Each structure stands twice: as structure tokens, then as C-alpha cells.
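All chains are identified by letter, namely A, B, C and D, in their written order; residue positions are counted from 1 within each chain.
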Amino acid sequence: MVVSETKIQVLYADTDQMGYVYYGNFAKYYEHARTELLKKLGFSYKELESRGYGMPLLSLNINYRKPAYYDDTLTIKAILREKPTRKITFDYETYNQAGQLLNTATTELILTRLDNRKPTLPPYWYNEIFSKHFEK
Amino acid sequence: MVVSETKIQVLYADTDQMGYVYYGNFAKYYEHARTELLKKLGFSYKELESRGYGMPLLSLNINYRKPAYYDDTLTIKAILREKPTRKITFDYETYNQAGQLLNTATTELILTRLDNRKPTLPPYWYNEIFSKHFEK
Amino acid sequence: MVVSETKIQVLYADTDQMGYVYYGNFAKYYEHARTELLKKLGFSYKELESRGYGMPLLSLNINYRKPAYYDDTLTIKAILREKPTRKITFDYETYNQAGQLLNTATTELILTRLDNRKPTLPPYWYNEIFSKHFEK
Amino acid sequence: MVVSETKIQVLYADTDQMGYVYYGNFAKYYEHARTELLKKLGFSYKELESRGYGMPLLSLNINYRKPAYYDDTLTIKAILREKPTRKITFDYETYNQAGQLLNTATTELILTRLDNRKPTLPPYWYNEIFSKHFEK
């Protein structure tokens, strides 16, 4: 299991009329968090693309418990529980500065070739990066 | 069951570098669709708020099948299967102009008082609006 | 001069904690409006791209007079005053359903080749489309 | 003159199909930058609101020179050249990790009472915060 934590300062841009962070804006917070986790493993999404691969989403599931507010300092915990194959699953937990759990989420992504936009088997270097962290 | 259809023209703003509509942007398309459905029933979210109620999200679940692209004309089908209590559940189906099903989703919302931000029982007029469409 | 009008329904997604449409969100409303204007002239931005051209922004200027609110039905008037060369300038006026002028704006775009991302002279068909509307 | 620098990691969410940061997304980067500058002066926008004031935008002007790309580490320099009265003007400069100037911008904001949404004279504590930095 690999875990990383990303800090997000809530901007006015992300709030809505109710004073909450708009429910759809967590998608980008999660993107931020999983990108940080992957970087921690030495995996750059940018480099992935430059090698001809992408990782579109298969699913997004969010359970909202408490709202996030303007100027909150959120901690997004991203969790990679299993070694990615061509499918890669991240869990997320969002906490505010008081340590309250605001929401939990899961995203599934699928390794895809950018040229034909079809799912593909992971290349050697992809497996190698994750093997270091998930196998003894 | 109540169904409505909302047309969305995909803007450049909503695309990402992969040329897809960014996965988080469907949240606002669904908001658009459920607002239209409610209006069709004579239910205005704006009026709900002016009466002291809100409807924050409890959950969002999206299954992505195919990407949406720039300039696509999407049809978002919103479906209200059961008469809302203080919880209200919408299903969504997103189609492109070729009639392909791009994704399906579900959101659960909870009727809340704006003053104390707590879930509340539906007021009389709320039940009345939905009863017309769900009971004989 | 070519003018077009685009209707925008303000979503919760676009509001902020003050209850206003967030100032940055007008950029996409203007995009929507200028795309509609171009379509009216028989000019598809999507086709422009498929022919190897893009139109990145050179400048954006907005003067905000009054706020737009949730559920407002906005009319974005896009105005093309002069025949585009490789530079193309749009003016915008945003009105609410009461006919109040909420803001005015100008954007300048520049015709660019997608392969080298450099400004380029307009191709023949580009001039031809605009000539019909700006020359006698 | 007060200057502050804010780092922004460009997410996929902010890119568009051309591979650029969408032109409207800089508005929130600038918001981030001016919020940081104000915090540096001991001025919290959140507290401003809790005291009954807001700061809506009067104008936004952006000149785009070069695009920002996915995964760029941007530095947004916010500059407050003059002591704010009820009008407060920020300049911005956006640089990428290579030190290239990508765009420059200016925003004007106006101190407003939240109850009547009208411009107002600055309260004593507002002047006091800025006086420390702009007067000898």
C-alpha cells in the first residue's frame, strides 16, 4: 500500500452559493492527490503521455459526509492499495484542518494507448515502477 | 418515474489535453439535467433556497464508458425513479449526437435547512409537488 | 458587423460563496458566445482544428458592472465588428433576464498553426467565409 | 509596493484540447495569488467577509504571451503597487519553471458591504493593515 497526502487551499473559485466547495470540484482535488502519489513513486503522468499512453477514468465514486468551506486547508489522502495492472484504483480521504473526515472516494483508471484510445497491457517500465513498491 | 432530457454543447473549456471532457465536468452537466427535471415538475431549486432549504450531495457515482469530445452535442437524461423523501436520488445517462451511451451516473441529495445545515423532514409543499407525479 | 446572442442558464457550479457568478467563469460564457457567432457564419472551430489551425487568446478584458446570480438566464451578445485577419477581435455584452447590462468584454484571438504553435496567415477558405459578411 | 509569489502546479483539469491551460483558468490562479499576498500582510479575506464586507471584481485584464502546459510549475507574482482605498488594484505576472513570462494581468476590486452589495468606505482596521506597508 502506498499513501500520500496533498494540501489544498480552498479558493473562492471552488465554492458555491451555499458556501460549500461545489461537489464536482473534488474531482480535480483527487487528480492533484493521485498525481502527487504517482510522483512520489517516481511515476510522471506527463512522461506517461509522452510515451504514448493515457489513463482515462473508468469510474468515480464519492461519499460526502461534511462540506468543505472557503479557505479551508484540506488534506487529500490518496491510497494505492494494490499494484496497478492496466487498471489502477485509487482511494481518497479528504480531511479539513480540524482533522474531520469530509468525504471518501474511489477512482478507477485504465491504461490506454493515445493513438487508438484503446486499453492496453502495461509496458515493462510501468510494471517495474510499481513492482518496487508492491513486491518484496 | 419522471424523465427529462437536457442538451449540452461541449465547450473548449470543458475539454482536457487528451481531447476528452474532463471527468469532473460531468458533475455540472448532471446538475443542469436534474435542475431541468425539477423545473419540469414545477419545482424551482432557487425557490427552495429562498424558503430556507438546500440540497447538498450525499454521493456521486459515475461509470465512464466512452469519452465526450469538443463540440459534441450531449443529451443528459435525468431520471427520478422514486418519489423523493428528504433523500432524493437521480440517475443520469449521457448520450452523444450519434446516440452512443457515454456514461451513467447516480447522485443522492439530502434536503437540509440552510440555517443549521442539518437534514430535515420535507415541508408540505415539497411533498405535494412530487405526489402529483408519483401517486395516483 | 456580425452579432449573435447566446442564452446561458446560470448553474450552481458557476456561483461562488458571495452568490455571484465567479468572475473567471465568464470566460467560458464568452467562448460559448463566439463559437455560436462563428457557427452562424458557417465557420466551425472544430473544423478549423481538423485543418491544423488553432485560435489561442491574445487578450481578455472584462468590465464588471453588476453581478449575475444563480438561475439567471443570461444573454451573451457577441459582436464581430471587423473582418478577421489573422487576428480576430470579439466584443461581448452580458445581459440578465431583466435586460440589465451586467458586463462588457473584449477578447483578441490569433490564428495559429497547431504543429508549430506559431501565428500564421489565414488560408483562402478562412478569408472567404468572412468576406461574405464584411465586404460588398 | 508589496509583492508575493504563489506556486501553482498545472493539473489536467485546467488544460484544454490544445494542450494549453484554458484562458479563463488564470482567473483562479490570480485569486490564489492575491489571497496569498493579502495573508502575507495579515489580511484575511475570510475575516473580511465575517465582518460583513466583500470584494467583487470591477475589471480583469489579461495579456497572454505564451501558453502554460500540463504539469508546469507556475509562479504567479502578485503586486500591490498602491495603498488600497475602497478600490484595490493587483497586477500579476505568470512565469513557468523556465522563468519565461507567460502572461500579465490586472484586476480591480471594490470594497462592498455584503448586506446591501454596495461599495463602501473602508473601515478603520482595513486602513490600518495597509498603512503599515505603504506609509512611513
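The rule is short, and it goes like this: contacts are C-beta pairs under 8 Å (C-beta built on N, C-alpha and C of every residue); 3 or more make two chains touch, one makes a residue touch a chain.
What you see is a predicted model, and the numbers here were worked out from it, not measured in a lab.
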So, comparing C-alpha centroids, which chain is the farthest one from chain C? A
Any chance you could check whether A-D or B-D wins on number of contacting C-beta pairs? A-D
Distance between chain centroids, defined by C-alpha means - chain C, chain D (Å): 24
Roughly how many whole angstrom separate the Cα centroids of chain A and chain D? 28
Which whole number of Å gives the spacing of the CA centres of chain B and chain D? 33
Chain C residues counted as touching two or more neighbouring chains: 12-13, 17-18, 22, 24, 27-28, 31, 49, 70
What residues of chain A sit close enough to touch chain B in their complex? 17-18, 20, 22-28, 31, 49, 54, 56-64, 67, 114, 117
For the complex, give me every residue of chain B touching chain D. 12-13, 15-19, 22, 24, 70
So, in the complex, the side of chain D touching chain A is made of residues 9, 11-14, 27-28, 31-32, 35, 44-46, 49, 70-71
